[in-house]
Structure formats: structure tokens, C-alpha cells
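Labels run A, B, C and D following the written order; every chain starts at residue 1.
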Amino acid sequence: MTRNATSPAIFILTLSCPNRPGIVAAISQQLYELGANITEAQQFDDTDSNRFFMRIVFEVTATDNIGQGLRTQITRIADTFSMEWSLTDTQHRQKVLLLVSRFDHCLVDLLYRWRIGELPIDPVGIISNHPRETFADLDFYGIPFHYLPVTKETKAAQEEQIWTIFNDTGAELAVLARYMQVLSNAMASRLSGRCINIHHSFLPGFKGARPYHQAFSRGVKLIGATAHYVTSDLDEGPIIEQDVERISHADSPDDLIRKGRDIERRVLARGVRFHIERRALMNGSKTIVFTP
Amino acid sequence: MTRNATSPAIFILTLSCPNRPGIVAAISQQLYELGANITEAQQFDDTDSNRFFMRIVFEVTATDNIGQGLRTQITRIADTFSMEWSLTDTQHRQKVLLLVSRFDHCLVDLLYRWRIGELPIDPVGIISNHPRETFADLDFYGIPFHYLPVTKETKAAQEEQIWTIFNDTGAELAVLARYMQVLSNAMASRLSGRCINIHHSFLPGFKGARPYHQAFSRGVKLIGATAHYVTSDLDEGPIIEQDVERISHADSPDDLIRKGRDIERRVLARGVRFHIERRALMNGSKTIVFTP
Amino acid sequence: MTRNATSPAIFILTLSCPNRPGIVAAISQQLYELGANITEAQQFDDTDSNRFFMRIVFEVTATDNIGQGLRTQITRIADTFSMEWSLTDTQHRQKVLLLVSRFDHCLVDLLYRWRIGELPIDPVGIISNHPRETFADLDFYGIPFHYLPVTKETKAAQEEQIWTIFNDTGAELAVLARYMQVLSNAMASRLSGRCINIHHSFLPGFKGARPYHQAFSRGVKLIGATAHYVTSDLDEGPIIEQDVERISHADSPDDLIRKGRDIERRVLARGVRFHIERRALMNGSKTIVFTP
Amino acid sequence: MTRNATSPAIFILTLSCPNRPGIVAAISQQLYELGANITEAQQFDDTDSNRFFMRIVFEVTATDNIGQGLRTQITRIADTFSMEWSLTDTQHRQKVLLLVSRFDHCLVDLLYRWRIGELPIDPVGIISNHPRETFADLDFYGIPFHYLPVTKETKAAQEEQIWTIFNDTGAELAVLARYMQVLSNAMASRLSGRCINIHHSFLPGFKGARPYHQAFSRGVKLIGATAHYVTSDLDEGPIIEQDVERISHADSPDDLIRKGRDIERRVLARGVRFHIERRALMNGSKTIVFTP
């Protein structure tokens, strides 16, 4: 996207810091002085951790190096309040690496949303532990595909390959779109806050393998899916989004899997969108999600 | 309710038996010969257990002892197929015993639904381990109240008192309307299939104590409640009904408890209604629920 | 699909007739005599119209011409009760004609469900009033594509072409997957009960054009979509399925359109599935939907 | 509630004004200078009307006349930006007048939420066009009850009586808890922004009388309820909250009315809570609702 000369630049600023009076005043005064018009703002005080979180969307006149200029100014104020912060130019499409195993419904869904312009990402690669033939029916629209098979013995080496691709492509986010390999602690740490998984169940109800079969044998009346940031414990990362659908005694495990596909793809898509729009902020074992 | 001379009697027949061809034919032929008009029917074949479940609502001309006559005929056919069955005259209001601890939102809700005629039950008693003063603001409309305090030492004796009241009142169903005492295995067995609990969480996610605090600390995005038949494992009985509501990072544990009250009361009310209308049938560790 | 020699044939029988005692007995006795094992059955008495509706799934030993044999027997009993009925061999994949205009999310979704085997249909053609280039990114997997542009003047002729394709392909169902042309009364009549539309709004709230913009300007808090059988009044056909999602004041019309796409595709997919599984029966201006 | 000497005072400031840069900076700077700590803040720019809306929750040290002091300071800044604004001391329980006709489920529900401390209101009166005997089973806990029957002829006079009670009690909000009389334009204008109605349907789908019967005859698959601010057009006021439940062909109009009661009471309770917490702001024919 080329910014139109006359249209303003739109940035998203997210920040968190120890809570104390004056943060909002300082930030909004600073933005005002920079000529910014705040169009959206949400904040949250976590009274447990006494930490403050904020997301601000603002418009400024687009000039050369506007981003660099903003960063310099924000750094000053951020230092005063010991802030962790990020500034995102909404014109920039985030580079996303997609990982998938055999089931492709989440992958297909994300690619569709990208293709029609709904999800403003730049897919820089697709990695699978299954070969290209597994996806013979799929058009990847020129996105590089990497077949990286994995066994217990080769896991470390395979993850190193993923890490190399992540870095070489300049990926900013890895999406585990039904990638059924548990990342090692080391790999999860490297990708901390930059890797979203879709867990095919309503966590924390049914962790582990074959959650829909667990749900069936337990006779629950609702099944769900969970999008979460990846941490070293695959099923315990900070939850970004969840959703459920009603089931009945007449639904077989296969029916649950089918219904699950629908839930998984919409939950993952929402989770990725929240991340891309900088609405999801990690907060220890939880998240802040500033929904619209 | 007195049956109007000219209006038909309406019965609900539920049954289960080992599956084999001819069950529906035999039952429907029998009902036809009895002059019955089937108005609703649902069935389910559990292919895992090879067991057949059915619920039939039918109208017959009301005569003296119609129920007894029907029972005699159905017994014959039931024996042929080794059926477990029950026949319910919808004119009969089932006698229900309500148990409650300190939080009264489910109790108040059930009493309201009964009072306006929405829930066709006959409440024969209210039991609490808290004294009448706990419910000083509540009108029990003449329903006998029993204060049965309980300690670890007196648990067995207190449950014996509950059991005596259950039998003396002719109660057909016990509803644990936020009764926060775990029933003993012995008591749970006695009430098997005749006791419904509301678990203030979305099972099996958050078993045990303070589930809303668990949900808060885990950062889930949906909370729920579960109505289930009581078995010796309080949190593992066959699930009848569940529902959820969306929450956010901004909801405190108190907010979850507040939202939980709304979910709990509607889920319990649905669970009780399904039982009263004979829509919920126990099937091992699960239920069949023939929803409308 | 070739039926395995040893596996049974599975049929779905749906029927409706004036209500009177003995229907279930007669049908189930007949099926029993034919050696059928009923695996699912649901019925509904419409007390307003005094009409009876039933759906029965049964297994029989697969023999040559089993379908023909069953039809002969069922015809006898159907005549007795003045039944309208249909018998579907579940081995048979119903031939489906897909119609689409410019927005392809429902089309893509249905094709995906078909391709992975989730939706057991046989797509016999795709018709659009937009040229093949509109769908340049889409692989139609060999399904014939027909570009049938339409203007007010050519509408009658274009519909005649659709009708010809429908018949020539042996199509049993037409799905308007965001096909934005209103069918003429004549065409709607021809396809009565064999044509499903997705209306991109929660009917009857927002009929007519640009429903998401209507929803936005009215400030509603939920938006939805509706799958319905097509009748001469495009927005008034019998509703098969509906669903909603929550929106807020912060959602722009474009956000509503985006969220709407998700609702539309899952509602249409469910509607088509209900039809294919013979769960949806037309009942005047309404439907019976025997959900699992 | 008496404020504890050591606990801070918590205020909610809501405001709206023509959008322009610097509003947030000015407000947050002002609050900072007043020693306030902002604990929640949400804002919305209506790009259609170019109007800015904000809700801020802040803590300040409690002193005598703190509210008056704040008002003086805020007035200054409000004048600069041509703001409409309100400042609410959360210690103050808003005085609420409840109006009801024959169906009492919403009234009973609101009273229950008030009684257990969930809804921090001060009910100053209950008005009905039906006599006290209609609610013979209800304990009004000392809240004055006013029987104000109404006919077409006496409507103006009866509304004058309501208006007098509203003013004499110092009521700040009137809740039409299934009060089935359409307010005159004059009365609706007087109560503008201070009167919430529960419409027993999903608007705008089924306006007018007997919406559940309309829903039944139309065969919809979801029914809902709508809480909205009252305007001269009863069914067109700005919507605050809506919710739905799934229904089926097997639900009779009576079933819809029963399910509707559950939806109505939770939607109205949420709507009242949003208003009390100053989360709902009117915006022409729509609302801003700053949900948690």
C-alpha cells in the first residue's frame, strides 16, 4: 500500500507500565503536541499486578520518516514511565508465517481472508511437516512452501529450520494453523508473544490429544475452540479468544470434529486479527484484549 | 389440576432397551390399539452401547384409572424388549424438594417460575444448612422449610434427615439449587437419577471450589454453568444442560460471579424443565436430552 | 460411492399427511416387515394445520433395486394416509447447482466443505451473472462454469438458461450463494422447495437492499443472516436457519459486512446440510427442521 | 453508603463534543492536576457526525464537597470544547422509578438484583396501571406503590401523575419493566435519556403488538428482546442492548413467550446496569455503549 499524499498516517500505539497517576495526561499531551488526533483509545488497570495497559489509535499528517520521528518522541516519555511499548504503522502489512499439519481448514480460511483483503497481512511462508502433495488441491498463490518433516530425533534441527525461515523472511508473527507439533520450550520462548496457536477445544476443559473425543465421552453440551499465545506449555498459553457451539447427544465424534472446524477457523481468524490490530496484549499468563 | 371431562389425558412414555428391529413398530402399534394419538416422538440409538432410547407423548381419552390401564398394557410389551420405562401423566405435578445453602438466586428463580405457572412442579419442601433468617427477605409461600445444619461429624445424620424428608413428602426430585455440600456416595446413590445439581462453572473446565476465581486467574474469555444429575462424584455426573457468557479481561472475579448467577439460574431452570418433561434420560455417564 | 457388499443400505424417509391416529404404527410396522432397522426418527404435529410431519432414517440389507422395492411398498401405505413423501438413498450424492454473483465467500465455503468430504453433494455447475475472471483466483475443480449475464430485458431468457442447465445436469437443488438477482415468480415457483438462498441479514429485521447499512444506521447490537427456501417473495421464503453475532457502536458498515460474511457462510452451509439430510421440510410459509 | 474516610472517591465522567485534536490531552491533564487517577477510559469518534464521546472513571481523595470542586473545574474545560457532560459520584445510588403492567418478571428480576446488592440503585417508587392485588404475591420491601389506571381519556392526566411522582421522588431514571402503555410524545420528550423500555422482541424485526406471535407465524429460528431509550416512537428508540435465544418449529407461541421472559429480564437488567454505570450514551437515533 502506498500512502496517498493527502491522507493522514494512522498509527497504533500500545504500552504497558507500572500504574501511577499522570500516564494518560502525559501520553495524550505528547500526542497532541505531535499534531496527532486520537481516534480510538482503551486502557486497563490490572489491580492485581498494579500494571497499566493502553492502546491508542491516532492520525498524524504523513511526512517522510514520520514513524521514526514519533518513535523518538515516544521513547522520551516511555522512559519516564518505564513503559514497554510498540508503535505500528497501519499502512505496514505484518509479515506472517503459517504453520500447518494435515488439516487445512484454518490455513485455507486465513488465506481466503488475506486474499480478499479482509486480513491485512503479508504471508511470507507456509511450513508443514507434511509434503506439498498433502495440499495438492490448494493454490498457495506464490507463497513459498517449506516441507519440514519432523521426528523425535530431528525435532531440534527442524525447529532451527523454522527459526531460520522466520528470521530470513522477516516474519513478525507465526500462526500455528492446526500445526500439531508441540514446540519445544526453547522455540516457544524465542517466539514468545509472536506465535498464536488454535487449540481445538474449549480450554481448559479438554487439554491434550483428541479433545473432541474427550468431549463426546464426557457428554458435554457445548464444544469450543481457543486461540492463545504459545508458551512452553502448549495448552496453557495466554488465551486470546474462545467460542463455542451447542451439540447434542446425537452428535458423533465426527460431528464434533466437523462443528469444531467451524469454531476453530473463526476463533483463530479473530485471534490473528486482534493481534494484527494490536488489540491483544500479553499480561503474564493472561491477555488484555481491547475489542472494538 | 382437575382434568376436564372432555379434554384428553396426555401421557409421556420414556423407555430404553437393547436395540433391535421392531421396537418402534411394537410400541406404536400398542399405542394405536389403546386409542392413543402420538403427538411427539423422538428416539436415539446409542451405537456405542447398542442401546435404544425413546420418548413418546400421546393423548388418550381420559377414563378412570387410565394410567393403570396403560401401565398394564405397556408392561407386557416392555417385558418382551427388556425395557426400562416410565409413564408420566402430564396432569400430575411432580413433587420437588429444593436444597439451598447461602446463595438464593437459583432458589428464588425456581420459585418464581413455579409461582407464575411456568414450571409445573409441586415444591414439597425447602432444605438448607443455613437458618431461616438467611432468607429473611424471601416468602416461601407456605412451603415447609427445614433447617438442617451440617458438620463433618453430623453429615451422615443430616443426610438421613434429608432422606426422611424426601420420602415423607413423596418427593420425586431433589434439586440442589446452589446447595454447597457434597453428597456422600451413599446419598448420591439413593437419589440416582432423581437429583439435579447446578455446578457454577463450565464443566469439565473448572471443577472444585471457587471456579469463577479459577476462570479469572486463567484468563478465559467465556464462563459457564452446568446442570447435571448427581452421582457420587459431584463434578462428574451426567450433564443435562450447559450455557456460557462472554467475559473480558476487565471483569473482576466479582463480575464473573454476578454474570455466573444469570447463567446458573437459567441453566438449572432448563435442566429441571427437561427432567420434569421427561426429556432428559440418563445413559451411563452421559444423558440423552430430547430437546423440543 | 460404491456400497460395500456387507454394509447395509441407509435410507431417509420423510413424509407429511393430515394427522390422524395410526400413522406411526403403520409406517413402523411396514418398515419392520421390510426388515428395516430404524436408527433415527422425529415427528411433528402442526396443530394449526392439523398436519403431521415425520423423518425416519433406517437401515436395510442392500440388495439390487432395494430402493425400487421400498418405494413400491411405501407407496401403498402412503396412499392410505394421503402422504406426500420422499425416499432418499444416503449413498446417492445430491446434484447441486451453485449460483453466485460477485461475492464468493459462500461459494468458496461450500466448495471447501464439498472438497474435504464434509458436505456430501455433487456440484454439477456454477452459474454467475459475472464472468469467469471475477473468480480468477478460484479453482473450480472441473465443475462447469456458466457465465449468464442478465439485464432487465434479458432476465426471462437468462432464467430460461438457468432452468435448462438445472434440468440438463439433473440438479436436485439450486443454492443461491450470494446470487444477488431476484428470481422471477415463475422461476421461484419452478424451483419451489429446491432452491435455498442466503439472505445477508437477520430476517425479518432488514429486508431489501444493503441490510448491513440498515443495521448500522439503526444501531442494533446483533447482526445475523438467514438461509431460506426461495419463494416468489425473495425475503419472505420459509426460514431454514439463522444465526447472529454481537456488534458494537464501534463497528463500521464495513465491519458489519466482514462479520456478516462469517455468519452468512456458516448459516448457508447449515441450511444446505439440513436440506441434503432431509431435515428441513417446507410447511406453508414456515419450515420444520429436525435438527440432530 | 457512607464513604470510608481513607478510601478514595470514585467518579464517572462522561462527555461528548465536536471532535477536534486535544480533547483527551486537556481532560487528562485537568484530571491529573486535580490529583485524579484514571482507572478506566473509553472513547469513540463518530466519524459520521464528527462527534467525540468519552467515559472516564477516576479516583480522587475524598474531601468535603469534592463533587462540587470537580464540577467547577470540569465546567471550565467543558466550556472550551462545547461539551455535554455528566459527573457521577459512584457512591450515589441513582433513584429509579419502576413502571409495570400485568407481567411482573422484569420487575421481580430488577428488585431481586437490587435486594442482593447487585444493582446499586435506589428504587423510589413502583407505578402500575394495574392495582396492587395484581402483585399480591410480591413483597415490595416498602417501596411506595402507585396504582395509576389509565384509559384513552385519562392518559394525559395519568402521565401528569407519573411526571409528578418522578419529580417528587427525585427519580433520575424511569424503567418501563413491561409497562405496556405507549407514552405520549410529550411524556417521552420529558423523560428523554432518562427512560429505558424493554421491547419484548428483537427489534426492528417485530415491532408492534404480540411480537412473539408474529415470530411464530413467520417461522424464525431465533427470538430476542431489546432494551432501548424511550423516544416518541416506542419501537424506535436508541437501542442499548439486545439478546436472542434459539427456538424451533416445535415451540408454540406460549413457549416463545416463556423463553422471551428469560431474554427480556436479562436484557433489561443489562440495559439498566449500562445506564447506571454511565456506559450508555445517546447518540441521535443510536447509542454508544462502552461495555467492560
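As a working rule, a contact is a pair of C-beta atoms (placed from the backbone, for glycine too) under 8 Å apart; a residue touches a chain by one contact, two chains touch by 3 or more.
The chain lineup, named per UniProt: A, B, C, D = Formyltetrahydrofolate deformylase.
Keep in mind that this is a model prediction, so the values were computed, not measured.
S.K.: Using the stated contact rule, I'd like to know whether C-D or A-D comes out ahead in C-beta pair count.
M.R.: Spelling it out, more C-beta pairs touch across C-D than across the other pair.
S.K.: Where the centre means the average of the CA atoms, what chain is farthest from subunit C?
M.R.: Ranked by distance of C-alpha centres from subunit C, the top chain is D.
S.K.: Between subunit A and subunit D, what distance separates the C-alpha centroids? Give it in angstrom.
M.R.: Measuring from centre to centre gives 37 Å for this pair.
S.K.: Determine the centre-to-centre distance between subunit C and subunit D, using the mean Cα coordinates as centres, and give it in whole Å.
M.R.: Once rounded, the distance between the two centres reads 43 Å.
S.K.: Going through subunit D residue by residue, note those that touch at least 2 other chains and give them in order.
M.R.: Residue numbers touching two or more other chains: 40, 44, 248, 250, 291.
S.K.: Mind listing the subunit D positions that touch subunit C in their complex?
M.R.: Within the complex, subunit D contacts subunit C at residues 44, 202-206, 217-222, 224, 238-244, 248-250, 283, 285-289, 291.
S.K.: Using the touch definition from the top, list the residues of subunit A that touch subunit C in their complex.
M.R.: Against subunit C, the touching part of subunit A is residues 40, 105, 108, 112, 115-116, 118, 137, 139, 141, 248, 250-251, 255, 258, 261-262, 266, 269, 291-292.
S.K.: Quick check on the complex: what are the subunit B residues that touch subunit C?
M.R.: 19-25, 28-29, 31-32, 35-45, 246
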